[in-house]
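Have a look at these structures, which come just after this line.
One chain, chain A, links the two complexes that follow: it is found with chain B in the first and with chain C in the second.
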Partner chain A sequence: MKYLTYILLSLWLLAVTIPLAWVGVNSLRSSKEIVENPFGVPWLVQGSPHQEEAGHPTPQESAQSNFQNAWVESNFSQYFLNSLIVTSVSLVMILLFGAMAAYALAKIPSLGNRLIYLYFISGMMIPAQLTLVPLFFQYSYLSETLSAWTAPLGIEIQLHNSHAGLILIYIAFSLPFTILILTGFFKSLPNALRESAIIDGASEFTVFWRIMLPLARPGIISAAIFNFLGLWNEYLFALIFVNTPEKKTLPLGLSNVSIQAQYNTDFGLLFAGLVIVIIPTLITYLVLQRQLTKGITAGALKG
Partner chain B sequence: MAQVVLQGVGKTYPGKVQAVERINLHVQDGEFVVLVGPSGCGKSTTLRMIAGLEEATIGTISIGDRVVNDVPPKDRDIAMVFQNYALYPHMTVFKNMAFGLKLRKMKRKDIRERVEDVAEILGITDLLKRKPKALSGGQRQRVALGRAIVRDPQVFLFDEPLSNLDAKLRVHMRAEIGRLHSRLKSTMIYVTHDQVEAMTMGDRIVVMRDGVIQQVATPSVIYDRPANKFVAGFIGSPPMNFIDGTIRDESGVLFFVDGQGLRLRVSKAHAVILEKYTDSRLTLGIRPELFSKPDQASRESGSTLLGHVEVVEPMGSETYVSMEVGEGVWTARLESDHIPKVNTPCRLKVNMSKAHYFDPATEESIGV
Partner chain C sequence: MHINRELKRLRWFLIAPALILFTCFTALPGVRALIYSFQKWDGFNEPEWVGTQNFQALLADDLFIPALKNNAILMVAGGAITLCLALLFASTIHRGMRGAGIFRVAFFFPNILAAVAIAILWQQMYSTTDFGIINAVWIQLQEALPGVFLDKDQSPAPFPFTDSNYLIWSIVPMLVWTATGFYMVLFLAAMQSIPEEFYEAATIDGASPRQQFWHITFPLIREVFIVGIVFFIISTAKFFDAVWVMEAELPNKNSHVMATVLYQKVFHEYNVGYAAAVAVVLFILVFIATLITLNFSRKDSLEY
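Coming up: the complex of A and B.
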């Protein structure tokens, strides 16, 4: 039984790492090499007479040209920055609002709590695709109306083709799930902590900010990871609501590479782009994962 | 320093669950009052209403000279110690104790002084830099006490603070809280379900049941003159033995008989009161320590009782004997010089001058 577990886990490990490694390796090869031998490994073929005759570039050269093409010429530096802005601003807002709502729903006794909770959670049942068209028109209408109000101040509000518009959508669609997991988490924290802090003289916000939020860290971090993965790779809304190249996010940039090239895809470039997209995700996960498992509530109660 | 007065205070939860029914209680300034009762009797709810964690549905609560019904907990000048300590797990002991002072915008230097003073009183000075999870249960409870004391509140509220500790530590902390009370001389209200804690700690005891106060009195009065059958049975360990029967007048002498062979002579002092209950049904209550080895005089005067021994539990200095009397099982606490054998009949003398009588319908104590 023990061996079976190890075998299954090893297979799982391979299934996860091989594609990742394949992407990494191919980002170091030229498009021609990839097409000739999709599963070749650069340093094995390197130095072979065949390769030198054909005038193949070395892996270093391929890598340099692939990443340079991606980062500079294909504008991935801009996409990366855009993705970073949209994802991080959304994430901060989602976690802040999500935690505040979840805390109130879990810890402050009031009559409508159950109903409000269900209202939030029901948001998860709405298919995002279904909202695209109405949302598109609503944004047009909202932009016009708001701009009419702010016109005297010389400000024009544009929700279409703007990061702000995209961020608003991201926040709205991420809140239900975030509230679901955070409410469960806040509920698991002992009520006596809140009561004790209130008697100590804390306001409800102080209880939330100084006592409960630090204790909910593992929950916040899991919510952060889930949301980051979803937002960083989000394609559909970005495709519909962002048009100009200088505002596009990484997933759009990536699809650009294959769309623009039509039948002549630069695979080296594509893989380099993929690596650029994957790396932040990997780093985020590696950094936060350790925090995730750190139990911080130990000692709150008898234990 | 302040008195706490509850006037007609009641609490009804949504869904018509009445947790506390219009109780009146006057806790004197500097008094240590223990609220005791079985779980669900409303004692914790009463405490939480005083703290402001629950709103009273009806009635007024005053602390000092001020009605506090609409005063938020932080402005009631109270401190509360919780059953599960409720220490902030991400803060050190020092920060836990300083939290309330910091929120009250006290100067840093003063906070440090105050926390260190209190830590010294409680003997937790060397724990100040630790976090709660690095403390034992007793240490945590001490920190929780410290957090309450640094605030120097008018009233201390304790919600079963010792029930998470092991038996030995509980006895130790009981004494410690007692010492703190005589040192601080603050008003303290203490909730427990443990009648030993109630008896040993309280200046006065409030016995509650189903949201109603049964009796408010000093420990000795509660024990010697319980107001009703519930108080009599709840306070005292092992509990009081009860049996239903009738008062019979046998040529001028009153006897309590149960119709199944039990026949005990009513003491002279009781006879004066019980005369008018002749031939009516009563409940007799006898505490376990009122039994002893029968002598000639008691046999002749009719103050002995015959039971069938079921279990014998030697406790060292004394022995608990469970025996069948009538339809019930009674417990007797005997000196170790007279220990009956299991499964044998056993005759014991009963000190009837300390017996209790209750009205079987109302369960109220009669006379005494």
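Coming up: the complex of A and C.
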């Protein structure tokens, strides 16, 4: 029995790692090689039979051309930058606004706190799909109204097909979970800290900004990791609210390349694109693996 | 504590940004969707109030009902395999074994990949244009074992899962591949909070590992297991990315799920009220499932 489960676990380990290794190997090969030899590894070790042919790319050249195609010609550099902008701006805002609200709800006693807390938390039950359609029309209306106000200044506000529009949605959607985690965290900090600081002449804001916020760092970090992965990989909202190539995020860019690959059969490019999308999450995971699994499961149990 | 004016002002200053953003871009659109679902609206002209007509139409819809069935396939088939595997893996690792850390780290990893990337990876593995590894193994298998999968004189056929008619079934292994690690870690965390003395006592009484699992481990993590089931229901009710990507943004009657029907109704058929009704059904499913989770997670601090 023991050996049997060991074998089963090892098989699963292979099932998880082989596809990922396959993506990595294929991103280093030309489309022709990929199509001719699906498994790749033998050719990578021995060199492919085409190596002798004139003009056939060496593995280094294939890799270089795949990544160059993806990064430059297929705009992955732009998508990467867009994802970076959208994710990091959203993340900063989410953590700032989330921590502010969570602190008030946890540490400033008031009658309405419980109600406001429940209001935020109930947001976790709202699936993105429910809000998609109203948000779409709300954005048209908001853009028009706001632009009418700002027209005298020569500014036109457009929430459709803009990073700002996407960021607003990301912030709003990530707040419930962030507030849930951080309120719990602030509650665990002793009140005596605040009282002694006030006696020493600190303002209430200073207590929050200089004492409580730094102490809540572990909670803020786990909220940050969780939100980073969710936003970096987000597809549905981005699909609906971003249309032009120069605004698209990585998941959108990748799905575009995938659809094109079915016609132009540039699979080397597709695999290189996959690697570009996977690498940042892989690095994040390897560095923060312990905190991440702990945070995600704790969040899951609460949510 | 006495609340002075400064503190009161600070309180609203701290809460306001989150409250306004959440209200405008999550809560309000959520309520709006409920209102839309009782209207007939093309997105341009005046909306017309139609009562429950949209919901009645849904019940007879030849796109929505198959989509609901597809969501159910993902839930039931994917859920059963994923949760059983996760439970098996977690209980094995929990009772101590070499290399447990590697298994845990590796199994969890697919969870943090973009759903789009996973979908494309699997699509390529299934690919029939010669290089998909699953398809290649399948063809090799048919050649190696003539007469098992095919009649002797038939030539090897491509893996049927790549067919759009079977798309949902081809997503099931992908779902299991992705999710098992997550549920394993979830169950493992619950198992690790069970006091070691229980197992020591059971071992002294001569209970076999299997008996220990069914009489100690499983009863004590039952709540978390149910949370796991509910979680799976929620995630498969919302399922969108993989179907959308694998079908190149054009799912057909056999491959639609609820969320893709919703997209189609708004952006292809301009039937906003109808799409909102789909969203409301999806929401009600998620809502009920979440209520069950909250109910259980409140009780999950078992007294030992």
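Brief remarks follow.
The rule is simple: the second predicted complex is superposed on the first by the 242 of 303 C-alpha atoms of A that agree within 3 Å, B and C clash if a C-alpha of one lies under 4 Å from a C-alpha of the other, contacts with A are read in each partner's own complex, and residues count from 1 in each chain.
Please note the rule applied: a contact is a pair of C-beta atoms (placed from the backbone, for glycine too) under 8 Å apart; a residue touches a chain by one contact, two chains touch by 3 or more.
Since this is a predicted model, take the numbers as computed values, not measurements.
In the superposition on chain A, A:Leu215 contacts chain B only, with no contact to chain C. Note on chain A: of its two partners chain C and chain B, the one contacting more of its residues is C. Judged by the touch definition given at the top, the superposed model places A:Ile157 against neither chain B nor chain C.
Once the two complexes are laid over each other on the shared chain, residue contacts for A:Trp12 go to chain C alone; chain B is not touched.
In the superposition on chain A, contact of A:Val25 is made with neither chain B nor chain C. Within the superposed three-chain model, A:Tyr119 lies in touch with chain C and out of touch with chain B [touch as defined at top]. By the document's definition of touching, neither partner reaches A:Leu84: not chain B, not chain C.
In the superposed model, A:Ser196 makes contact with chain B only, not with chain C.
Common to the chain B and chain C contact sets on chain A are residues 296-298, 300-303.
Within the complex, the chain A residues that touch chain C are 1, 5-6, 8-9, 12-13, 15-20, 22-23, 34-39, 97-98, 100-101, 103-105, 108-110, 116, 119-120, 123-138, 168-169, 171-173, 175-176, 179, 203-205, 208, 229, 232-233, 235-236, 239-240, 250-251, 254-255, 258-259, 262, 265, 267, 270-271, 274, 277-278, 281-282, 284-285, 289, 292-294, 296-298, 300-303. Residue ranges on chain C touching chain A, taken from their complex, read 1, 3, 6-8, 10-11, 13-15, 17-19, 21-22, 24-30, 32-33, 36, 43, 85, 88-89, 92-93, 97, 102-117, 120-125, 129-133, 136, 177, 180-182, 185-186, 189, 209-210, 224, 227, 231, 237-238, 240-241, 244-245, 248-249, 258-259, 262-263, 266-267, 272, 275-276, 279-280, 282-283, 286-287, 290, 293, 297, 300.
Per the touch definition, chain A reaches chain B in the complex via residues 190, 192-193, 195-202, 206, 211, 214-215, 296-303. The part of chain B that touches chain A in the complex is made up of residues 51-53, 72-74, 78-80, 82-90, 99-100, 103-104, 131-135, 137, 140, 147, 151, 164.
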